[in-house]
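Input: structures, listed below.
There are two complexes below, and they share chain A, which is joined by chain B in the first and by chain C in the second.
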Partner chain A sequence: MSKRQKFILRRAGSALVIAFITITFSFVLFRALPGDAASNLSRVPNMPKEAQAALRAQFGIDKPLTTQYLLYLKELARGDLGVSFQDQQPVLDNVLRTIRNTVVMVGIGTVVAILVGTLIGVTAAYRQGSARDRVITGAAMVIYSLPVQWVGLLLLVWFAGWLPTSGMSDPYLFDAGFLETFVDRARHMILPATCVALMLFGSFALVVRSSQLEALGDDHVLTARAKGYRNRRVVWREAFRSAMLPLVTLSTLTLGWVIAGTILVESVFTWPGIGQATVQAVAARDYPLLQGIFLLVTISVVGFNFLGDVLHSVLDPRVAE
Partner chain B sequence: MKSSRKAGRRMVVFTVLAALVLILAATAGCGGSSTETSGSSDSSGGDQPVYRLGTVGMGYDSLNPFVGMYAQDYAAWMLMYPNLVQYSNELQPQPDFAESWSTSEDGLTWTFTLTSGAAWTDGKPITASDAAFTINTVVKLQTGAAAALSPFVPGIETATAVDDTTLEVKLAAPSAALLANLFQLPILPEHFWAEYAKGDGAKLKTVTMDPAKETVVASGPFTIEKLDIKGTTIFKRVDTFYGPKPMITGYGFQLFTNADAAIQALKAGEIDCVYQLPPTSSDTLKTDANLQIEGFGGSMPETLLVNDSENNKKHPELQELGVRQAIDLAIDRTAMIDTVYNGFAVPGGSLLLPLYVPQFLSADVPVTGRDVAKANQLLDDLGYAKGSDGIRVADGVEMQYTLLVGAMNRAIDSRIADMLTQNLAEVGIGVEQKLVDNQVPLIMTQPKAYTDFDMTLIMWGLTPDPDWSTLISTSTMLGAYNLTGYSNPEYDKLWGQQTSEMDAAKRTAIIDQLSAKLVQDVVFHPIAYTQMVTSWNKKWQGVPEGGAPFGYYSYLNKMQFNALEVTQ
Partner chain C sequence: MRLARALLHRPTIVAGIVIVMLFTVVALLAPVLEPYSVKSASGEPFAPPSATHWLGTDDAGVDMLSLVIAGAQNSMLVGFAAAFVAVLIGGTLGIFAGYKGNWGETTVTGVTDFFLVIPALPLMIVLAALFGQTIYHIVLVIGLLSWMSVTYVVRAQVHTLKERGFVGRARSLGAGDFFIVRRHILPHVAPLLVAQTVLTVASAVFFEAALAFIGLGDPARVSWGTIIENAFLHSAVSAGAWWAIVPPGICIALVVLGSFLVGQGVEEAMNPRLGSAHVSPKSFSLRRATAKDEA
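Here is the complex of A and B:
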């Protein structure tokens, strides 16, 4: 077994342990709060105590915590995430439906952020110390530090009337063809995806700038310059290749987190994604749905971290040693 | 920097391509949604366009009557299914599927004469069997699969279909509030639901109500056309509906998680009406000449509750009537309504709606005026002198109280709590605010009930009959909805009398006594009857301005959209 294979196996093992601990933690966390899904039904006036007890029994929350936990693990092993307390539909269906909406919007925002951030970072590093560098770096830092919901609200107020400000499609667009539907979806995507891109691009720009600066001073880059290679080759092929390592790490970490980190963006733009589902599940004490979402977020964070480790070991074999 | 520019161009092209692929993925399978409602978006031949309604914060949780529990779900069912009766905006029972009803002399049997010739959307007739099936299913499964509907059948033993248009309901004891309880129960088509109701009825909850997945059988005036609980659900008009038909060909119910987005959508003409707006948004909306803004409802009193239970060992002085009176006198209701509700509320004097006058109460309950001097005098008389920090001391313990503030209605409640803290400081009472997820379970479900809090703010949702509003202060509700710990055998007895008193005048006299007891004992500290801030495009006529006591889109009746039409 090669060193890299051993490294990957080790990392896979620790990823599994972390996932298990998080699953257990999330199970305990939601039940540590006072009240439960049945007590939250106070909106229905006149609900008899017996009926509340019946609901607790149906939801399984009348059983001891240890029994609930073992049942949860057993069902999880069978791939059954349970049924949402809110709509009584399978959690897996709820999660898959909302995650699809999130991935599309966040995917576009993240890809734009990575590309724009990289381009800005490389440009700023190349022009280190210049007015352009200072403006670009300053702007990236300012936007990076702005609260995302505030940026979202500004976009919403500025562009209302020009672009749709909520949802992911026009519900009243009847009998529309494919092209019309496509344009409608794209228009709805612009503001939230821009908000995600603005939220993320600053960190990419800053990380790429600093690693590119370091790389531009490396011996092999100086040699390339001395050999008279063109600027494009020096900047992108020689320097950027070695500056990519932190970018890969940051990209994988970001991709893992964006699923969980879009709660605010989705709330501002009423985007029917996993963030909005989380907020509603918390309000309704929908344990099965919350656990499903947590499981997914855990898998995505741990999974993308693992992917980052693997990619890192491929790009820089010294990591596995 | 030429190289960088070229690479940049390449990246832009790549970004655009990636975005296109992702949007294509999102569009796949979604193109060309064809609906029957669509053709009627133009108003022609007397038909009015689809009415696009928006709400902020809380939408539906489920449109399956055995699952959903939010007020909006009930409004949707009221517009989809037959109900035996409905309520007018003046809170009077009106015929719906039942044309008339009568009660036996002993009050134990109710006979309903039902509409003949009515049909479900699949063409099958709606008969008394459907009504009997629904009631009996809920009664049978009320501590199981039908628990969510159990509040609407209290005391019912059985329902029988005498013939297609006669329904007989038998009760265990006479109930003056039967209609007010039963009216919210949607009558469901037996031929659709019977197979799900078999055994323990667990399958009842599996029905999705999504016309894309299964048939939805309703009666109208509307039925579901496209279900999207977290987005926009679209309803179309049912032309075979047995009652008066609306002019609009359908309506959409859109959920916004952010009030600003809803306001912008309304201004941009993407929707026609929004309700449940924050009161502070009214200033922005008033400046738009195309929009009308009104406060609807007034059936939801925001109330301060004081834990005067014997279990509150730390502050037994709260059991003193003088202390509760002083708290009531210290509250500046007018200032709260002006600043927090922006005028969209009226001061509250009782948990019994002003709307109950004259049918259930002979006179409205007056609002306690603010009188700080009198409040201080009351506390001085009790011997609770102020300490060096300005906080009074009762039996060696500082009058420093924990006030629970729920996260559910935090934007409003936190501000009310701040003002209460200031008001009470003026009479030497200290308040420590504690933000909680949902204050009700803390009181209801803690093993040591009534021990961990001194005060809480709550917004009650009341019903068209005072039966429920008065029930919550009885001893039977201790540990459940009796959140103050009030216990008075005389009150309990009076409550039992009113609930079975079938003579309206005699019942009013008893409810007057109950009301007097609640005021005399200062059981509640009602702050304001809050209104639902609603704004709509003026091109729409027929919105019942100020005349919908339970707010816009309520579960009160099927008439609420009937007058809607575009006049510009």
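Here is the complex of A and C:
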């Protein structure tokens, strides 16, 4: 077995352990803390004792904790995350339906952020300390420190009337052809995706800038300069190639996190994705759905971290040593 | 005090300190500074900025400037209190892990890694929903999930301190672990703890605003987060009342930026190698011969 394979196996092992701890942690969080599902449901006034007991039995909260835990693991293994309090549908269906909407919107926003961030970061690093560099770094830092929901509200104020400001599609658009539907969806997506891109591009720009600065000082870049290559080639083909590594790591990390970070964006633009489902689940105290979302989001972060490790070890064999 | 002098020579750090201090003072003097009551209307709903209401009024006719000042009080309170909780936990764990080494270190890094992986905002939302929505619960929820980076930074610093001569000398004179940590480790870690506190204030203010926006803020108190939530819920957008939205966001951004500048500056000043230029400003000539590739 090569060193890289060993490294990947080790990372996979630790990812699995973390996933298992997460699953257990989420059980403890939702079943053992005060305010369990039934005590909240049974807060309905004048609810008879028998009905409360029936509720407890229905959700299996009357059994001892260890039995509950084993039952929970068994159901999880079958992909059963329970039933949502809100619409009595399986949690898994709800989560998968909403996450599709999120992935499309956030995916586009993230790709834009990576492209813009890279371009800006490399431009800023071209001449460290120049006016352009300082303006770019300053702007990236300022935008990075703005609250996302606030940026979203400002976008709403500026673009209300020009672009659709809420939802994912026009509810009055009947019998539309493919093209019409597509344009409608795209127009609805512009503002939330822009908001996601604004939220993310600053950190990409800063990371690319600093790793590009480091790469520009490398010996092979100096060699390329000495050979008389054009600046553009030196910057992109020589320096940026080695500066890309942190970018790849940050991208996979971000992909895991955006699902979590999209909560605020989706609330502002009432985008029917996983973030909005979270907020609704909180408002309705829909614990099964909340737990399902929490599990899925956390495990996706663990998964993307692992993917990042694997990519990193492929791109830079030194990390496996 | 060489560190303090080094800090005051950097304009960005001074700017950061001034910003954070300014908002802290506003927060402390809030009851005196508010021109109007935040509990009752003092003008027309959504009145634009004017001589009587410098920042206009919100949907209920409450003076925005007063709201922003009252918001500073609670936002900064959550920020500092949560940062204190986080640094207390992170600092203790970091010193323990760095000083103890071996199994202690393995355990602490394992737990820290786990909490780093869990996405903070969803977990905060879950906990805030379970615990309840008083300001103390919010402080706890944010503080309990913000200590991880503190642990790592402190642990690394304690690691290097442990190898320094004075620790070995104190030990050979018969000093106990507790004494060494208190007299020799803690004073050297203190500036770092201060820097981490200021940095954590920023993220705590950020998280408070996020929780408030989702409807998990303390309903009895005004914070920058609840002002933004209120503007969103009571259609400041469709009324075109930008003045009901803009000020709290700018305050949050300033506090975040200010504490970012301070925290980063202190870390750089303590670890000068971070600040070394790799490329000369004008063109890409050879970088200075500093050790860089540790990773």
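By definition in this document, the second predicted complex is superposed on the first by the 293 of 321 C-alpha atoms of A that agree within 3 Å, B and C clash if a C-alpha of one lies under 4 Å from a C-alpha of the other, contacts with A are read in each partner's own complex, and residues count from 1 in each chain.
Note that contacts are C-beta pairs under 8 Å (C-beta built on N, C-alpha and C of every residue); 3 or more make two chains touch, one makes a residue touch a chain.
In this text, all values refer to a predicted model and were calculated from it rather than measured experimentally.
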First, second, both or neither for A:Phe178, with chain B first and chain C second: first
First (chain B), second (chain C), both or neither touched by A:Ala53: first
First (chain B), second (chain C), both or neither touched by A:Leu71: neither
Which of chain B and chain C A:Glu214 touches, first, second, both or neither: second
Touching partner for A:Gln276 - first (chain B), second (chain C), both, neither: first
Residue contacts with chain A in the superposition, chain B compared against chain C: B
Touching partner for A:Val122 - first (chain B), second (chain C), both, neither: first
Partner chain in contact with A:Ala12 - chain B first, chain C second, else both or neither: neither
Contacts of A:Val268 with chain B and chain C, given as first, second, both or neither: both
Which of chain B and chain C A:Gly161 touches, first, second, both or neither: first
Overlap of chain C and chain B interfaces on chain A (superposed complexes): 33-35, 127, 153, 156-157, 160, 165, 267-268, 279, 283
Residue numbers on chain C that touch chain A, as the complex places them: 113-114, 117-123, 125-127, 129-130, 202, 206, 209-210, 213-216, 228, 231-232, 236-238, 240, 242, 245-246, 248-249, 252-253, 256-257, 260, 277-279, 281-284, 286-287, 292
Touching residues (chain side chain A, partner chain B) in the complex: 33-36, 39-55, 58, 86-89, 98, 100-101, 104, 107-108, 111-112, 115-116, 118-119, 122-123, 126-127, 153, 156-157, 160-161, 164-178, 181-182, 185-186, 189, 193, 230-233, 235-236, 266-270, 272, 276-277, 279-280, 283-284
Touch list for chain A against partner chain C, complex: 18, 21-22, 25, 29-30, 33-35, 125, 127-130, 141-142, 145-151, 153-154, 156-157, 160, 165, 213-214, 216-217, 221-222, 225, 234, 256-257, 259-261, 263-264, 267-268, 278-279, 282-283, 285, 290, 293-294, 297-298, 301-302, 305
Residues of chain B touching chain A in the complex: 1-4, 6-8, 11-12, 14-15, 18-19, 22-27, 30-35, 37-39, 41, 50, 52, 61-62, 64, 67, 69-71, 142-145, 147-148, 150-151, 154, 181, 205-206, 208, 226, 228-232, 234, 252, 254-258, 260-262, 264-265, 267-268, 270, 408, 436-438, 440-442, 444-446, 461-463, 468, 471, 479-481
